[in-house]
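Alright, structures below, take your time with them.
Next come two complexes, and both contain chain A; in the first it sits with chain B, in the second with chain C.
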Partner chain A sequence: MKNWFKNIDSNLIRLLFITVIVFAIMAALVPSKFLTMRNIESMSFQFPELGLLSIAIMITMLTGGIDLSVVGIANLSGIFMALIFTKAIPQGTSGFPMFLYIIVGIIIGVSTGAFAGYLNGLLIAKVGITPILATLGTMQLFTGIAVVITKGFAISGFPEAFLIIGNSKILFVSFPLFIFILTTAGISILLSKTSLGINLYLIGTNEKAAVFSGIRKARVLIKSYMLSGILGGITGVIMIARTNSAKADYGSSYVLQAILVSVLGGVNPAGGFGKVIGVVIAVLALQFLSSGFSMLRFSNFAKEFIWGAFLLFIMVLNFIQNRRAAKNIVKKED
Partner chain B sequence: MEEELVVVENIEKSFPGVRALSDVSISLKKAEIRCLAGENGSGKSTLIKVISGIYKPEKGLITIEGEQYKSLHPIEAIRHGIQVIYQDLSLFPNLTVAENLALNSYLGNNKKFLKWKDVKEIASSALSKINVEIDLNRIVGSLTVADKQLVAISRALLNNAKIVIMDEPTTALTQKEVDSLFKIILNLKEMGISTLFVSHKLREVIEISEEITILRNGRKVAEGSIDQFDEPKIVYHMTGREVGAERYNYVPQGDKPPALSVQNYSSNAHFEDVNFDIHSGEIVGITGLLGSGRTELALSLFGIHQHDSGNVLVDGKEVSINSINDAVNSGIAYVPEDRLSEGLFLQQSIARNTYVSILDRLQNKLGFVDFLKADSTVENWIDNLSIATPSKDIPVSSLSGGNQQRVVLARWLATAAKILILNGPTVGVDIGSKEEIHNKLRDLARDGLAVVIISDDIPEIVQNCNRIFVMHKGKIVERLVGSRTHENEIVAILKKLK
Partner chain C sequence: MKISASDNMLKRFRHEFIILAIIVALSIIIGSINSQFYSIGNIYSLLKSTVIMGLFALGSFLVLVSGDIDISFTAIGAFCMYVTSKLVLLIIPGAGIVVIMLVAGLIGILLGFINAVFISLLKMPGLIVTLGTGSMIRGFLLTFIGVRIINKLPDSMIAFSKITFLHKAQANGHIVGLSIGFVVFIAFAILIYLILKYTVTGRAVYALGGDRVATARVGFNITKVQFFIYGTVGFLSGLAGVTHSSFMRNGNPFDLVGTELSVIAAVVLGGTSITGGKGSVFGAVLGVFLLVLINNSLIMVGIPSYWQRAVVGIIILLSTGSVALQERRSQGV
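And now, the complex of A and B:
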């Protein structure tokens, strides 16, 4: 327990504090709407998508890279699944066969993510293209494939049994939130308890030293982009199950938001540092802001502005605090 | 009484967490060559930056040419003719020699248009002042370090330098280049220009300086004419204690096969037909000029570079090394040349830096790292190598150079390596810490490790190695017995190779 507290740095505590304040302000401004079970429930359906994408980007950021293609991956996975659900399932299938079809569909969706991530990994680790350029390219590639397949139209009309994933609850927890909790817990353990996880941080800190220490850099990098792709695939499952439609360009603004959420959550864009818990808190803060503002009937334009301002505010705060901390050390020495 | 150009009195300066200078005074006469000596972190660089106006001291007085200042602005320092030539030289690598030399002063005169003829003229007259010839149209980035340094010195003269401060100017120079640099410093003296020379290479210090000031832990501990000092005395003042000069004595241990045997080992363009055996308990030194192939040889043995032909035997068994992991699994460890860029994960904890190379072995069946075992391994090595740290969880960047180097050592010792190859193990390490690292290497060798030290530091090699190889153009050209070799012999061999 003591260790757990020690591991949480001051920036994270401040972010948590600010998130609670945001929640309190929103609750105070529109208590009749914000503090309802319905709102909390609806938020729990909304944020897991951005949350998973942010975790995906975080993983690649830890290695000093980035995955701009993750939303493209989510959409492409979604469209492959949509094709199976709308074209491959014979009329009148139900019961266990239906369940099997859905499982196969999800497996294909998530494997699409893994494969797409593998491609990113190869381009970055083997060919040696800078992550930002490689994934910018594959983002266009994946979105392009999706557009070609769908001719730009949305595919919709999935089996009821599949839509459960996006719209139902297990006990009191929304299904997407349930997936989110399971996945983030898994990633968190992977990052802190396995050699793959620790190697990610070390490569992000000093790539050259990692090679000289015997870390198989290419292998670790490919795995990290595959992980990111798998998270993209899982996001694809939630997205199409929640909206009952798959579209080539759904949620394209998610990419930049996910990057910002990662940085806001304390992930160092240069690599080497960042925790899953920070990203989770950051995505919650933005969800509270955005739900609150829609209840206050702010236009979407104002919302973007406020998000941007909020992100800058937190980062400036962190910067000032860190500088002050450095000065305090001097005083103590004297 | 000669003319005092700069007098700096009772300077105090602190940084986050450290008092860098306390009550330091130094003065420089016209045409004097003074050496500022001290270990890393003794405050040498800080003092230079105070004199050149980059840092503002908290206390103290600076008097230049009779004018008194509490602190200087860089512009004031330059106006008084104080020119600093930093290790990185601060040249524009993408511009030509002429542009680097002339543009500064040309633009300083507020002229809006350039006359290229003037630029060339300014530049060539600047170079001729110190009697050197460098093609004015060459791009500075393509020059050798020595030539870049000459350009930087000429540029300093163009700015009417009266005092040239050189920060570790000889670090990347060959012996011949050092000699010609010293000629230029003497030349400056004749022109009435003073030089403040910062170095921790003692032989050079004694050769070139007239006066010496020694700093330790931010305080001035000794000062005087260089004739009153010799090498041991300077070392004593820099470290605050006597440093032993006992040689390493290797006692053969039974007839085991050699720990490392390299046979007809060749790599296209890097090294050729290298043969040697190293037994456990031996410390073998490899030296040679830059480009002798010694680093490439080490990198090939460690699996980073490929080799073309030849065999490597560990404990008498042939091993094939095609990757770092092959090398590590065969018991070969390599401590790289550049600790900061190739060795350490600076911002990560000491623990992570130590167990990185054994992570795979620390995994349990489920694939999770056994942190109990990891932590106890790390603590053992912190103890064993006496790494001075309050905790294994603090970033390795907060350690001193010597302790950082020990963390890299700990990493490789934790892999239970049989052969330890170190490339420049004590570059940038304080003299005191250096001796401790040497002692540790001797202990490890006595315990059965085979150690290879690749180094430019001849005293280091002669003192610690029972055998010494000199490499040149990819071949071992001399094999010497440590106990029968004097430093000067190796220096002479190296000079001849050039």
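And now, the complex of A and C:
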């Protein structure tokens, strides 16, 4: 058991190392663009969305599940918020009432995420559908509801005060990054310090043992999917605030990217292993790659190729490393 | 897992019966709202619509039965379709359709083997591997091979899309026929069924999904079985790709990718267990029929097409949910 964690940590260190190298290479290749405040700032507006979605998927992977619907949740939350911002607020509202409207909108958006996650949790823990299928179905359902509400069109034109969330800075830190840091810190503490977090890991490590030791599996699972849904809702807030529009099928490629990030970050899709910090490093690595390649005028397709290669490369490295570690254990035991 | 063979059979048939009943019920409802539904032209066109998804679904079915998951097959299909069309136009523009299909299938097998290397030799989970290979294959295709739509396909591919039979006259006097693509799909469905049922490798696919360790202990060569599975997925994806561009009368490298989750949904609708070991070809084919029926008939009954995704989502949840509840009950949980 101890060795497993040691491996995870060495995988993490390797990923961090690779991330630094990626950053250095990009900085060396396009120093005039990559190492500018402007680029670093624009990256800090871009990656929090993918980062939050990846952490959402990570939480569900810890129990051996997955949440394919999380982008659908983000979009649905975004659309409910958009409806409030464009339909419910009377003309000429400003000042404190506006602030209240915005808070109410955000609460509704995040609660939509929580409720959608609760539905996922029920389907998985109570009805007994496999997580991939349940969330594949709800992904269609949530996106479908969003399409029905908007008839496929985008909703745009939100209050200026709300757009601050997606486009401004607090003390040199972009607002989305600020939310990202707060949320990841919260999730990190929740996973490592609370009984819910520890139970999540236990269910992913050995489900039967966890159940026999008195963990109420259904409850923990439902909470984990609710948590994922809440993160989806928060992502929805950032997404619509940054783009000033809400669309039913925005960012559909985020699903696979978020899985990619969590696996890169050392999360075991079979459950039990993974840390928030790993996912944070992984999303940074991808952002550096992505921004750097944009500056090198690589097309999106070339990026797709490189991301896939990067994922397989890291997986193979981890595989070799873990096998070597396993061999060493066997030798020692001999 | 402690279900006797006869119980298991009964259950499997039960699920297929349910799906079949849903298909029949939906057809009656749709037909009663819009009698156009029963026209031979519509039925032929529905059957033709099942071909591409069906070929993909057969491959997906194999992977799911073996207890894994593959999401790279649409990228493989697009790659095979585009590369083959380009190659054939460049080297042997007069090649027959069989040659073209074989070339596409061969490229597909090679790409499938890449998946098999990672999954079988490096023992990595299929979802992760195929996520990586899928984006690599698509990225490679669009970066290094081309993004331009091929408007002039080899003649034999165009000719293939025009082959029809069982000609019938419609009410308006038009003569319509069933596309040969449907025969190809059904022929491969039967072939996969026979392989799974009567060959050692085929039995091993089920065994692998049921219990990997036991399968190895019994003496099956798991590596060989997995190369067979992912090679077959590649081959079928190649066929699906060529058939797709033949139907569309052009080669669009952006097509196909994005449909993989619906294909998996269709297979699962048909009763294939995502944890492996269970499922039948017949069920998978029915699952494809049901999904295509829903996708193509909403408009016929006056439901706006933007309802499609929500309806598909609900049907996936109802179907997988009823199976899951049934299993729970039979296990006495």
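Keep in mind that, in the parts below, the second predicted complex is superposed on the first by the 319 of 334 C-alpha atoms of A that agree within 3 Å, B and C clash if a C-alpha of one lies under 4 Å from a C-alpha of the other, contacts with A are read in each partner's own complex, and residues count from 1 in each chain.
Just so it is clear, a contact is a pair of C-beta atoms (placed from the backbone, for glycine too) under 8 Å apart; a residue touches a chain by one contact, two chains touch by 3 or more.
Keep in mind that this is a model prediction, so the values were computed, not measured.
Looking at the shared chain after the overlay, A:17 reaches neither chain B nor chain C. In the superposition on chain A, no contact is made by A:172 with either chain B or chain C.
Using the contact criterion defined above for the overlaid structures, shared-chain residue A:213 touches chain B, although it does not reach chain C.
Taking chain A as the reference, the larger set of touched residues comes from C, when chain B and chain C are compared. In the superposition on chain A, the residues of chain A contacted by chain B and by chain C do not overlap at all. Here chain C touches chain A in the complex through residues 69, 71, 118, 122-125, 127-129, 131-143, 147, 258, 261, 264-265, 268, 274-275, 304, 306-314, 316-317, 320-321, 324-325, 327-328, 333, going by the rule given at the top. The part of chain A that touches chain B in the complex is made up of residues 193-195, 198-199, 201-202, 205-206, 208-216, 272-273, 326-327, 329-330, 333-334. Interface residues of chain B facing chain A in the complex, by the touch rule stated above, are 14-19, 304, 324-325, 328, 334, 336, 341-348, 352, 356-357, 359-360, 362-363, 367-369, 371, 411. Residues 68, 123, 127-130, 132-134, 136-145, 147-148, 151-152, 252, 256, 259-260, 263, 269-270, 299, 301-309, 311-312, 315-316, 319 of chain A are the ones that touch chain C when the two sit in their complex.
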